[in-house]
Amino acid sequence: MATTIASARAPTFFEEVVAATPGADPHLELCLQCGTCGGSCPSGPDMDHTPRALFAMIDAGMKDQVLRSNTPWYCVSCYYCMVRCPQEIHITDIMYTLKRMAIKEGLYRESSSSDAYGFSETFIDYVENYGRSFELGVATRYHLRHHPLSAIKMATGMGFSMFVKGRMDLTPTRIKNLDQLKAILGKAKELGGAA
Amino acid sequence: MKYGYYPGCSLERNAIAYHQSAMAVAGPMGIEFNELEDWNCCGATEYISIDLLPAYALISRNLALAAQQDLEGNGNQLVAPCSACFLNLKKTDHYMAESPELSEKVNAALAAGDLHYEPGSVSVRHLLDIVVDDVGFNAIAEKVTNPLYNLRIAPYYGCMIVRPGNIKSFDDQEYPTSLDELMSTLGAEVVDFPLKAHCCGGHMTQISESVALELIRRLLKNASDYDADMIVTVCPMCQLNLDAYQDAVNKKFGTNYNIPILYFTQMIGLAFGISPDDLGFGKEMVDAGPALTKIGAEPSLKPKKKRPSKEALPMPSMGEDG
Amino acid sequence: MNKEKVGVYVCHCGTNIAGVVDVEDVSTWAGEHDNVEIARDYKFMCSSLGQDLIEDDIKEKGLTRVVVAACSPHMHEKTFRAACERAGLNPFLFEMANIREHNSWATNDKVAATQKAKALVNAAVERVVHQVPLEKLPVEINPNTLIVGGGIAGITAALELADAGNHVYLVEREPSIGGHMAQLDKTFPTLDCSACILTPKMVDAGQHPNITLLSYSEIEEVDGYVGNFTVTVRKKARCVIEEDCTGCGICEEKCPVKVVDDVFEAGLGYRKVIYRPFPQAVPKYPVIDKENCTYFLRGKCKACQIFCPTEAIDFEQEDEILKFQVGNIIITTGFDLFDARRIPQYGYGRLANVFTSLEFERMVNAAGPTGGNIYLRDGVTEPQSVAIIHCVGSRDKNYNEYCSKVCCMYSLKFAHLVHERLPEADVYNFYIDMRTPGKGYEEFYHRLLEEGTHFIRGRAAEVTDAARLPGEEGKLIVQAEDTLIGKQRRVPVDMVLLSAGMEARGDSKEISQLFRMGCDFNGFFTERHPKLDPVATMTEGIYIAGACQGPKDIPDSVAQAAAAAARVAGLITQGTVMMEPVRASINEEACSGCRICNTMCPYNAIVFHEDRNVSEVITALCQGCGTCVAACPSGIITGAHFTNDQVFSEIEGILWDVRSKPELVPVD
Amino acid sequence: MNEQFEPVIVGFLCNWCSYRAADLAGTARIKYAPNMRTIRVMCSGRVDPQFVLKALREGADGVMIAGCHPGECHYVEGNIKTLRRFLLLKKMLKQLGVEDERIQLVWASASEGTILADAVDRMTEQVRALGPLNWQNTVLGGGNGQGQPAPIENTPVVEEV
């Protein structure tokens, strides 16, 4: 009986988040609101909501506010929260999920650090076309697009000395079987949707 | 000991020193690396933020290749020196095993490139893991010809090497100690570095420099508070952030940190008596030269704890438990 | 087999059963069974009217068997057996069909439930006709009682029984009784001094004519069953002759060797190598710690012996093995404190000024290492700020998922003690949820609010000495999210107290094996019923009390101990218990002497007679598990009340509707 | 009910843990498949392989044996004996063509009503998927009616060596 009711209604935001997170159950429903995650987070002070607060908001179905939040974008993927969570919630993975959802819903721009998306975008653009990342390219292209000033700083300052030290390529390396990779990524995109 | 080797993009260039030194010390430690043929980028932390399935497909192409190319009898052990690559590869393998649905979709994508990956068929290891666990401290101690006496080292693991937390790790996920032990095996004086497994800022240097510089500052400050001569890392991203942005930190916070950031493989090489040029020394932005001159004769009296005053209360014993 | 007259009674249990099972249908259907004399359904069979129904039918209709289809036998088997007995029918000619817990409460499907009810009733009917009259076995209760563990629970239980005139053996592993309570300073919420209320009880226990106190002793072996346990105890060598020792303490004074006391002083203080854990120790005799004694290590010193005025020191003394009989056993082995080293991010053992709760108890104790002063690890500096971290090792799936129950309250107590001793100091309590259920507990929390304690609702994420901001230099920084503000906070303090949780004793699994009682996943001992029988165990004659059953504070432990003592006293006054006659017996004529059953029996209740080459079951020792019955290759061991033909016919009965070949000859 | 196959499962529950677990499941009003019919034994160690064979031959589609968790047995280690016996029985039945899912061993303590209920649901589904067990044809082959199934007498003996 309960099941029939469940299948009748559309999935809640909470259920969407859980479904879009890879691996086994991320245990989001187990959150005790203890704040261990928010307390452990290195960039916690810069987030507009702590992860804990975000989880409460997810449960409350505040989809818009959650996907507009800068929290996921400030996640540095250090996984400290996940190591310490007393309920073994896959916090970092959920942050990734929220980023993807924010992008899908086009809400990431509203979050105060939309640059993150720009960087990721530039980064994977190289990966998709060369099979390898290309620091100089990523950096310059991304900076030119997002903060031109620092791009110049880059090229002249640190970037330059990196180059002098032989720690930066001028041209990207391309993998041999790029077509294979492209085919795979193409197929993956077509299959789309989170697992 | 033979292993498959996945250098990852960084080691081709910005972390070239890591690559060189790793190759230089492999022989003496009895390790043979067979680089994975035509490997591709692991997507770092970027791809997964944008699209799930392609990200997993991208990573698992490497796993599939590793499984396929296991010709030299690597026992399907794939070693990644870069912590981010290591974590991505390990996590993908684990999650594919955990969720058949994910594995199915990823393999559907791989099929487009005539590849297939059976979760669990490749075991992903970090370079530090095989050095401390497979080679072992004793074997390393035997090879040490130029002990790093008098050098105060802050061992810095960064975060990803012992994470994500829901997957078994080769060292403590909160407060690892293998690198500490390795460095003291080399004769160095090891700092009990509180921030040893904290974050270096990762890609924040690009996205939000202010956030990143603060994270980097914490690490540099803590290391200098502990009078460390240098910080030794196991990850190209950590090295890059702490090394290349040290200048920026000093400018922003009016500090004057000058702490060289080196790779653990470089230190092993040094202790093995390998010439610095073959270990990629000189590539670091903060010159390691001055610090290295501190290396000298064995300290006559070991820096042992001075006897506590008679009022002092006993410290808890730290037995091997928990 | 001549036809039996079975009476079948189907209970409605109000709507509990009748709401799902078509009880009328079931009883009429049962009535058609050829062995069934009468079948009825009734609102409440357990009511006196319901029982009368049975009794009258037995008398008037001459029923030879009775089946009641109602709730679980664990609920009312006793009730109906008694009814049968009153009507002159042997209680073991009664059988119960569980159509409530196992049926009507477990499904909403009326059709299926009714079908299942029929199967269960039919099974009972088929079975009951094969049942035979049995007599309960009277067992003498030895009036002596063994109590394992001399903490507050053990002492309480011992005194309760002893005062009632029963003899008690109180066995304690440590050199003195008193347990954890003896280490505490004040007790919440009333703040009366722990020693002041405990030591008188310790003395009573030590001097009571009815209590044999075996301290510094451990249980080696336990045999037997309720009423008749044989206990073997190892009394470890104290190297002190108790008869001669006056407890003057000179030996302790003269002993040149000092070691850290990890037990009583929780590692915060030192003790001599010949020592009494604390001045009011009971018994008063010291013990020599052989691991660290210079004489035992290097064969010289003997200072204690030289100075002892009564020549009570005996280095050659050896462990004693004692054997005695008891009728009942009460286990009060207490708890271990969670080892805070297991949580590296709190820095215990690495950061000098992080202390555990037990260390702090010793510190604030006037008789403790600092004479009651609150000092940092240097032993001289008073902290100006103290952080108290709740839930250390509790409410955390990485360690213990359960709540340790006492930590919130003792953390509040700590806060109070700091305010009391260091009025200038700031105190911060980091908590997830404040749990203060109990008489006067919530009020105590309010009192602390008044005293100006800072309460931060957020589980501390880490304790570090890595200063980041001005004002953090040289301090310990507690980093946490203040969840009520939703912001991360870093609180610099001088001292951090870790409110570590309670864990089962490290060796609780072995203890549970030793006494053959259940032990849950966490290592706490399992009670017979979580609500209705919290101090008994599944093993007759063995009771549990105090923290060995689960995290508990002093009042709860004392209450449980008294309850356990009352249960034992009850049995003792009865003098005998009637044991279920569910026992195995061997048909010696048919026994092939293969001895397989010998190895099967966990109670060594089966002896083998070499001469006659047959095995025999010692009824008194047999507990009736039936493992031997199932194992006997020639099937000649009978498990009373669970015989093969009884179970076989039950199987046939339960499958009445699906039996493939009804005329199949039953195996036996 | 509808026309889907409803398997009949006989459950041998030990008096101390799993029978109480089933009681608890009921008391907690946990709803689970009504397909299991329970028989109480003092200890899972009492479950003679013959009981299982008897049940299967008499028309049960599956048999569940449930006892206390290892280490928690009221009779010290009856459940361990059960486990050994169970593994052998399983092997034997496999040879006779009876699928693994049809006999299952479950550990459920007195406090684990949900575990037992879940186990019953799971097993019911598995056996339903397998369809009815026709002992006559599956085991005795062509249902020639007479004849004891397989050498059951020696199963306990095998176990001890």
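In this document, chain identifiers A, B, C and D correspond to the written order of the chains, with residue numbering beginning at 1 in each.
Everything below uses one rule, namely that a residue touches a chain if its C-beta (ideal position, glycine included) is under 8 Å from a C-beta of that chain, and two chains touch if they have at least 3 such contacts.
All figures in this text were calculated on a predicted structure; none of them were measured in a lab.
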{"item": "Chain pair with the higher count of C-beta pairs in contact (A-C, C-D)", "value": "C-D"}
{"item": "Most central chain, Cα average position", "value": "C"}
{"item": "Between chain D and chain C, distance of the C-alpha-averaged centres to the nearest whole Å", "value": "31"}
{"item": "Chain centre separation (chain A, chain C; CA means) in Å", "value": "50"}
{"item": "Computed distance of Cα centres, chain D from chain B, in Å", "value": "53"}
{"item": "Averaged-CA centre spacing for the pair chain B and chain A, given as whole angstrom", "value": "23"}
{"item": "Residue list for chain C, restricted to those that touch at least two other chains", "value": "345"}
{"item": "Overlap residues in chain D, where contacts from two or more other chains coincide", "value": "none"}
{"item": "Where chain A touches two or more other chains at once, by residue number", "value": "80, 84, 88"}
{"item": "Graph class of chain-chain contacts, one of line, ring, star, complete, other", "value": "other"}
{"item": "Full enumeration of touching chain pairs", "value": "A-B, A-C, B-C, C-D"}
{"item": "Footprint of chain A on chain B - complex, ascending", "value": "9, 12-16, 38-41, 43-54, 56-58, 61, 94-95, 98-99, 101-102, 105-106, 108-115, 159-160, 163-166, 173-174, 197-199, 201-204, 206-209, 211, 215, 244-245, 247-248, 282-285"}
{"item": "Residues of chain B that touch chain C when the two form their complex", "value": "172, 174-175, 192, 194-195, 218, 221-222, 225, 308-309, 311-318, 321-322"}
{"item": "Residues on chain A engaged by chain B in the complex (per definition of touch)", "value": "20, 22-24, 42-43, 46, 73-74, 76-80, 82-85, 88, 90, 92-93, 96, 99-100, 103, 113, 115-117, 119-121, 123-124, 127, 131-135, 138-139, 142-143, 150, 158, 161-162, 165-169, 173, 175-177, 180-181, 183-189, 191-195"}
{"item": "Of all residues in chain A, those that touch chain C in their complex", "value": "32-41, 44-45, 49-50, 52-53, 80, 84, 86-88"}
{"item": "Residues of chain C defined as touching chain D within the complex", "value": "72-75, 98, 100-103, 105-109, 111-113, 115-116, 119-120, 123, 509, 512-513, 516, 518-520, 526, 530, 538-539, 582, 596, 599-600, 602-603, 623-627, 629-633, 639, 642, 644, 647-648, 650-652, 654-655, 657-661, 664, 666-667"}
